[in-house]
Structure formats: structure tokens, C-alpha cells
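Across the two complexes that follow, subunit A remains constant while its partner is subunit B and subsequently subunit C.
Coming up: the complex of A and B.
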């Protein structure tokens, strides 16, 4: 029992220490960070003040990322749910074939695509449009989302839909009133994965967006500069990272229950 | 208007279902009159659930027709057939309350609110589910869930009831209670009822007529009494009646069989038998006997005292005779 507690503590330290270190760094002055002896002095909120008073202020990037994340999530779920439902109704062989193709697409390293995507953006004038970013994001996360939701549909007993069919519900009504509420946990966890991807995505955001006020978080953080070329603004980086993680933390807390339910769904009949 | 009276009830004509090269159902003909309760009885894999799914329209037949009150519904989509079906797993919507489970279909078809409310209230009262009205299926007992499933089929006032082993998930006592309730509720109404079960006792207790299926073929259809007294073949004789019928080895192309309750101990002579096991059941006792023809079963009055070994006899008139090759009953 004691050993188990110790093991849990170790794992927690392992995964939380970097985050705690960021939090610590964000609250220290530059000189306190590099001083050899740790002292009680040198605590400050200046790092936060600095990035929040930048031009544009940091909350602008948070907003940008939130907008792109929500749009990508909505678009992905909107497309993935009907796809997953349709996939489920295919004969076993077609389904296996399509699932294989989706899996291949899901594991493809998307970084290799960013040049082609850049060409597309230029061609269709999508550069420097915040919402346009959600097009490649939804496209890239769609295969995994369809697979995850497909598994959720497959776990539902077929009699549920048959019963609704016999009651005279049409396809849309069966999906809306019977199936969707039952795959809500899976939809929530899938949606969160999409949001996370969009929140963290770097290469496409870097190449599609150049206007300062439209940058998403990862790009904006990378562009934080020190007072001179020779200073690395550790404190400001850390403060930006902390602020950028808070919304994710909030989402996790809100969706914790349905996500865990979604992850274990179908494990026990 | 034609003067010809249209056949009422459900009629299956040469219904066939093939899955790949496998013939799951082989030319089924039968009819169920309005208000009649027909049990489809047979071992698992005999085609009874397939038949039910074909009638509901959940699967398509490879050949044959389904008529309901004279209308050919073979190609009609299931949503328009107006059947009330109770699934083995009940298939209640887990996220909805009892009340919403019953109302969802009617709401989405746009029936007036007052009418839905009235219909639901009367069915909930009929099935004594009023106190559970706002509960979800997970909060109900097995028997209550089964009643909700039944209520959902009843509330729509369908043209036909289909029940797929609705009691297989319940314990024995509940099953017995519900059997009577089900019979009162469904049978004798204006709709035909088709009831699938593998439990011959349930079929005998519930149905007006029983159709015995085996390997996709109809073996016999008739009243429980007919099936018991005049089984069409050896399979039906073995499937109907508990304990199982005793079979003698083939003799000159004829197989003879005797029901356990028709056996009696003889003062002398007869088939030598030794008691292996005695199961005392109160009014009666069930004996497992060792005979030259293998293990036989015998049922007799519970008060009879029997020796360890005795001779077995039976009235010749009680004996059933079957053709050795085909298994058909000889008259």
C-alpha cells in the first residue's frame, strides 16, 4: 500500500515537474533565475505584465487560438459523426478496407504536407484568415475522429437503432435522438483531441498566418523577444506557456468525466 | 369495393432467407389470425428469430411474401409496417426516462401532445409502471424493464405484435407471473401476436398455436395439445414434452416412442429397468431408469413406492410410431 502510494507520487512528479518548473520560472525575475543561490527574494509578476501589455496583448493570441480550436472541433465533429455512422453501416469487408485507409491517413506525418498546403492557401487566398486554418486542421484530424466515433457507434447494441426504426424514426431522427446522446462521451473526447491538436499545431499556422494580430499561441510564444538579441526571455516564455495551458486545464476539468467514460466505453459489456 | 373478403391477420407465403450459400429459412408458410398468439418454437439457430426479423422488415427475404390484413408488406420499409416489437435485450433508450421511452416515436411523428399523454398514462397504468414514470432504464429492475419494453410496443397501438424471447433474461418466478400477464395483455386483442421462444413450457402456456421450427423448416404447426398428442415427427415428439420422450431402437423400419408419464411398473415381465436416480417433486416423482435401450425417464405419482428394479410396460394405445428413415409419424 505504501509502495503503491510512493509509485503514484513518482509518476505525478515525473509528469508534473516540468509544468511546475514553468510556473516557478514565470514568477521569478530574470536575475533570480540565473543567480546561483536560491533565495526567497526575486518573486515577481513582471513577466505576466510584460506579455499582457505587449502589442497586440497576449490575450489576443489566446482568443485567436480559441477561435481556431472551436471552429476546427465543430467542423471535424460535424463531418466525422455522419461519416462514422455511415462507416458503421457498411458490410464488414468494406468497413475493414475503409478503416485501414483511415488509419493510414491518421498516422501519416502531416508535416510532410505543409508545403502542399501552403500552395493551396496561396492559390485559394486562404492565407491570413484565421478561420481558414480550421480547414486543414479538420482535414487532418478527420480520419482519427471517424475511427474513434466509428468504434463508439459499433459499441451500441444494434437493437437500439432497430427499435427506433420500427417506431418510424427516420435516419436523421434516429441519429439525433437515439444514437448521438449515447455517443456523447466519445464525441467529447474526440472533440477535445481535435481542440488539442489545433491548439498546439505549429508548421501550418506558421506558414499560413503572417499578420501579427492573427497569430495563434504557439507562433506567438515563439516570437516573444527579449530586450536585446542576446537575452533569452525565459520568464516571459514561461508566463506565456502558463497562460496558454490554463484554458486546456479548464477544458480537462470540465470534460474529465465524459472523457474517462469515453476511454473505457465498451471495455465492459 | 370488391365483395371478396380480404384475409385478416398475418400471412407468410413461402418465406425464404438465404445468407450466402446458407439457407436460414426454407419456404415458411403460416398464418396468424387477428387476436391469435402464435409461438415460434425451436432450438437456437432454427430460424425463429430470422422469421421475426423478416416480418418486422429488419431483414429482407430472398423469396416469398408477407401479408398483413391483405396488404403485401414484403417490400415495405420497417418504419411503415406499424409493428410493435419487444426485443430480447429490451432495447430501451438508456438516456431517456420511462415516459420519454414511450413517447419519443409518437412525438417525432407529430401526434398531438394531449393524445400522446393520454395514451402513455393509460398504458403505464395498465402495466403498473406509473411510479417508475420518471426513472431511467438503469434504475429499474429486470421485470420492470421488460414491462417498459412491452409498454413501448403497446402504446403505439400497432397492427402486429412481435416478441423475441422477451422473458429469457428474467428469473423463473417472474417468468411465470409475467406469462399470465402477457397473455391477458396481448392475446385476444385485435392484433396477431408472434412470440419467439426456445422454451416449450412458455410456448405451451402462452400460445394458441405453436409452430415448431428446426433447421429453417417448419416441422409442425398446431395447438399445444395437438403437438403433444400427435407430433408430426420424431423431432417434434422429442422437443415437446418434459421430461423428454423415451425412444426405442428401430425395428422393421419403425421407431416406437413412449412418453415418461405413460410408463408403468408391471407385476411381471416387461422391459427390465433399474432405478438410477429418483427426483421427488411432491405431487409426482421423476425417475431416471437404466434399461436395455439406454437411459429412460419415467414420471409417476409421488406416493408410489417402487422397487429398485422392476419391469416396465405401457398401454399400446399410448405408444407413438415413427418411420425409421424420415422420422415421420405413422398412423
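Coming up: the complex of A and C.
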């Protein structure tokens, strides 16, 4: 019992200390980070003021990431739900083959694809368009999304659709009014994972977007670090980290259950 | 008819996954760099010959494997401990699960910089501790011996929660009466862990290792931001090398070849993993 308490404490420290250190850094003046300050001096909100009054102001990057995240999530679900449904209606051989290919794609380290995707973006004029990012993001998250939603469709009792068929509902009506409400929890889990992926994605956003006001959050933060050759402005950067993490923190606290369900469903099925 | 429903998704998947790989296959037999005016010119197998003789490629291969091997091994070990801890039911479990998952949810790019500051020489908190002990500040990020370990630490910090969750799902799938029966026959908890938990956890561990190994071989964000591949190229990985080949040296033909080299490595390791799993499963039957 005492051992478990110690283990929990260790886990908490391990997970939270690096984050708390960012919070602490973001509230300290530059000189207070380098040499100890007496008493209560050395605390400041200047780091936050600095990044919020930057050009463009920091909230712009938060907005960009939110827009890309929402668009990617919508596009992924729009494509994945019909695909997962259609997949369940295929003969077992086709289904196994496609599922295997989807699993391979889900595991694939997508950073390998960046160069060809960049070429595509240039050819079709998609570079420096924020919403265009949702095309590769949807493509990259589709394998996992289809697998998760496919498992959800498979769990539904087959009589459900048979009776809907007897009622004379066509495919679209069955999908929209009978099946969709029932796979809502799986769709929510999937959507959250897609959103997290899009919010955090780095190599593609790095190569597709170069205009400062269109940067997504991870790229903007990496740029803050690269802005000075000799020293990273850690105070401003830490403030950016804190602001950039808050939406995710909120998301994790509110949606812990569906996110965990999404992550583990993939393994259980 | 229902096959039609899958078409839009499959088309996008082909565009995002298959087209790039085919394009790399084509590019790897072309010179496409500043020298050719950024136009692809067929060059036989020159890129591949260069790859075989490229010391930087082989050094990066070793460094990538070293990073992936140690990270995934640690993630599996720590993840198992974490999963066992999270599996026990007690009041704070949900809160603890949320907190442990936080490192996984944050962008890699963000914490990569965070670690740079934490291991800063001499002002970071780790070095503040070191100096408080009366020792000189340690050059964590400017010595090839320690820098790659910092990268491993950052990766373990971020992705262990993911591994733990997969293993936790496995733990929850084991029926509790198995343990009860085992205890009735006089088995100790330690024996139960070895004889019941670990074997039944194997498929989940396998999935976690497969996924993590593939992702670790492609490590990019973390290295690019935390170390930039330095010091002296000691943390450069294959993904970073191919990125630099394309974006800094503007040598697209060779960049594509490096990526395919990495792809071959990935296929080889996956095959080894699959064979290993079959062997393990056979050993038990």
C-alpha cells in the first residue's frame, strides 16, 4: 500500500514536473531565470504580453490550429464513416485484405511521405492554404478512423439493420437515422484523436506553410525558438507553451473517457 | 454498391500513401537537384550506389536504430509498470489516468523545446540541481555521449502513456477468475504475473511495439527541434537526413532514395517482429 502511494507520487512528478517547469519559466523575468532573485521579485506577466502583442499575435496560431483541427476532423469523419460501413458489407476476404492494408498504413511513420506530399501541394497550389492541410491530415488519420469505426459498426446487432431494411429505408436512410446515432460514441472518440493529431502535426505543416500569419501552433512555437541564433527566448517560449497547452489540457480533462476508449479500442478489436 | 461508399476514402488514402511511395521509387532513379536545375534527369542507379557508400546514411541508420531500440524497450518496461499501477481500482484512478496521458497529448514540438531548456547548460533546472550538489554543470546537450540519451528520455516521457494504455486494455481483457483459480491452487501473485498476465498481455505488447517501433524509426520533430541532429551529427536520424537532403541541400532524388532506404529497413524490422511473434506463439502451443 505504501509502495503504491510512492509509485503514484513518482508518476505524478514524472508527468507534471516538466510541465510545471514551463509554467514557472513563463512567469519569471529573463534575469530571474539566470540568477536567483531575492524574495518575491522576478515574477512577471511580460512574457505573455510579449507573445500576445507579437505580429501576428499568438492567439492567431491557436485559431489557425483550431481551424485546421476542426476541418480535418470533419473531413475525416465524412470519409471514414461511409468507408467503415461499406467495408463491413464486403465479403470476408476483401474485408481482411483492406483491414490489413489499413493497419499497415496506420502504423506507417508518415514523416516519410512529406516530400512527395509537398510536391503535390506545389503542383496543385495547395501550399500556404490553411484549409488545404486538412487533405493530408484526413488521409493520414483515415486508416485509424476507419478501423475504429469499422469495429463500432461490427458491434451493432445485424437484426437492427435487417428490420430497418424491412421498414423500407434505403442505405442512406439506414445509415443516417439508424446506424449513425448508435456509432456516435465511436465517432466522438475517433474525432478527438484526429483533432489531437492535426493540432500536433509538425513535418507537413512545416513544409506546406511558410506565411507567418498562417502558421499552426507547433510551427509557430518552433519558430520562436529559432528566432534567435544564440539564445532561445525561453520566457516567451514557455508562455507560448502554456497557452498552446491549455486547450489540450481542457480537452483531456473533459474528454478523457472517449479519448482513452479510442486509443484502446484499436488494440482490443 | 456498398463498395462505392469506401471509394472516396480509398482514393484519398491512395493519394496520400501509395502515390508518394511510387513517386520515390521513380525519383530514386533520377538526379533532381540544384545541379540539374531542379529538373529530374535519369541517372541509372547512381543514387542507390551513393546510398550504399554514404557513411552518413549508415551512421544515421545506426543512430536511428539505437534511439528506437532503447526508447521502445524503456517505454515497454515503464509502460507495463504504469499499466499495472493504473489497473488497480482506487479512488484517484481516473484523475491519475488523465494526468499520465497529458505528456502524450501535447505537441512533440512544444516539449522538445521544453527539454532543451530543462537540460540547458548551465541555467536549466537539472544543472541547477547538479550545481547545488557542488558539481560542475554538465554539458547534457553538447556532448555526443549524453545528447542522444536526452532525446530518448524526451521520447519515453511523451509516449510511455500510450504504451501503458494499450497494455492496460490488455490487462482489463484478462478475466479475474483466472487469477482466483490460480490463487486457489496455491500460486503466488508473482507467479500469476509471470504465468497469466505476461503471456496474455503478449498480443497487446506486440501491437504496442510494432506501432512504437515504426514511429520511433521515423522520429523527426523531436530531433529536429531538440538537437537539430547535433552535436556533430550524433543524434541525426534517417528522417532528419532525408529532410535536410531535400530542404537544405535541395537534392530531391537523393532524399527520396534515403527515404526508401528507411522504408526497406522498416519492412525488414517488421518482418523480424512478425516472425518473432509466430515463434513465440509456437513456443507456447
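Keep this in mind: the second predicted complex is superposed on the first by the 234 of 269 C-alpha atoms of A that agree within 3 Å, B and C clash if a C-alpha of one lies under 4 Å from a C-alpha of the other, contacts with A are read in each partner's own complex, and residues count from 1 in each chain.
One rule holds for everything that comes next: a contact is a pair of C-beta atoms (placed from the backbone, for glycine too) under 8 Å apart; a residue touches a chain by one contact, two chains touch by 3 or more.
Just so it is clear, the model here is predicted, and its values are computed rather than measured.
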| item | value |
| --- | --- |
| Partner chain(s) touched by A:48 [first = subunit B, second = subunit C, both, neither] | neither |
| Which superposed partner A:136 touches (first subunit B, second subunit C, both, neither) | second |
| Most subunit A residues touched (candidates subunit B, subunit C) | C |
| Contacts of A:163 with subunit B and subunit C, given as first, second, both or neither | first |
| Which of subunit B and subunit C A:119 touches, first, second, both or neither | second |
| Contacts of A:197 with subunit B and subunit C, given as first, second, both or neither | neither |
| A:219 touches, of subunit B and subunit C: first, second, both or neither? | second |
| First, second, both or neither for A:182, with subunit B first and subunit C second | first |
| Shared subunit A contacts, counted only where both subunit B and subunit C touch the same residue | none |
| For the subunit A and subunit B complex, residues of the former touching the latter | 157, 159-160, 162-170, 173, 177-178, 181-182 |
| Complex contacts: residues of subunit B adjacent to subunit A | 56-58, 78-81, 83-85, 87-89, 91, 93-95, 104-105, 108-109, 152, 156 |
| In the complex with subunit A, residue positions of subunit C that touch it | 1-6, 8-10, 12-13, 15-17, 19-21, 23-24, 81-82, 85, 88, 92, 94, 96-103, 105-118, 120, 123, 125, 157, 161-162, 165-166, 168-170, 173, 204, 207-208, 210-211, 214-215, 217-218, 220-221, 225, 239, 242-243, 246-247, 252, 255-256, 259, 262-263, 266 |
| Residue ranges of subunit A in contact with subunit C within the complex | 4, 7-8, 11-12, 14-16, 18-19, 21-22, 25, 33-34, 79-80, 82-83, 85-87, 89-90, 98, 105-117, 119-120, 135-136, 138-140, 142-143, 146, 171, 196, 199-200, 202-203, 207, 217-219, 221-222, 225, 232, 234, 237-238, 241, 244-245, 248-249, 251-253, 256, 259-260, 263-264, 267-268 |
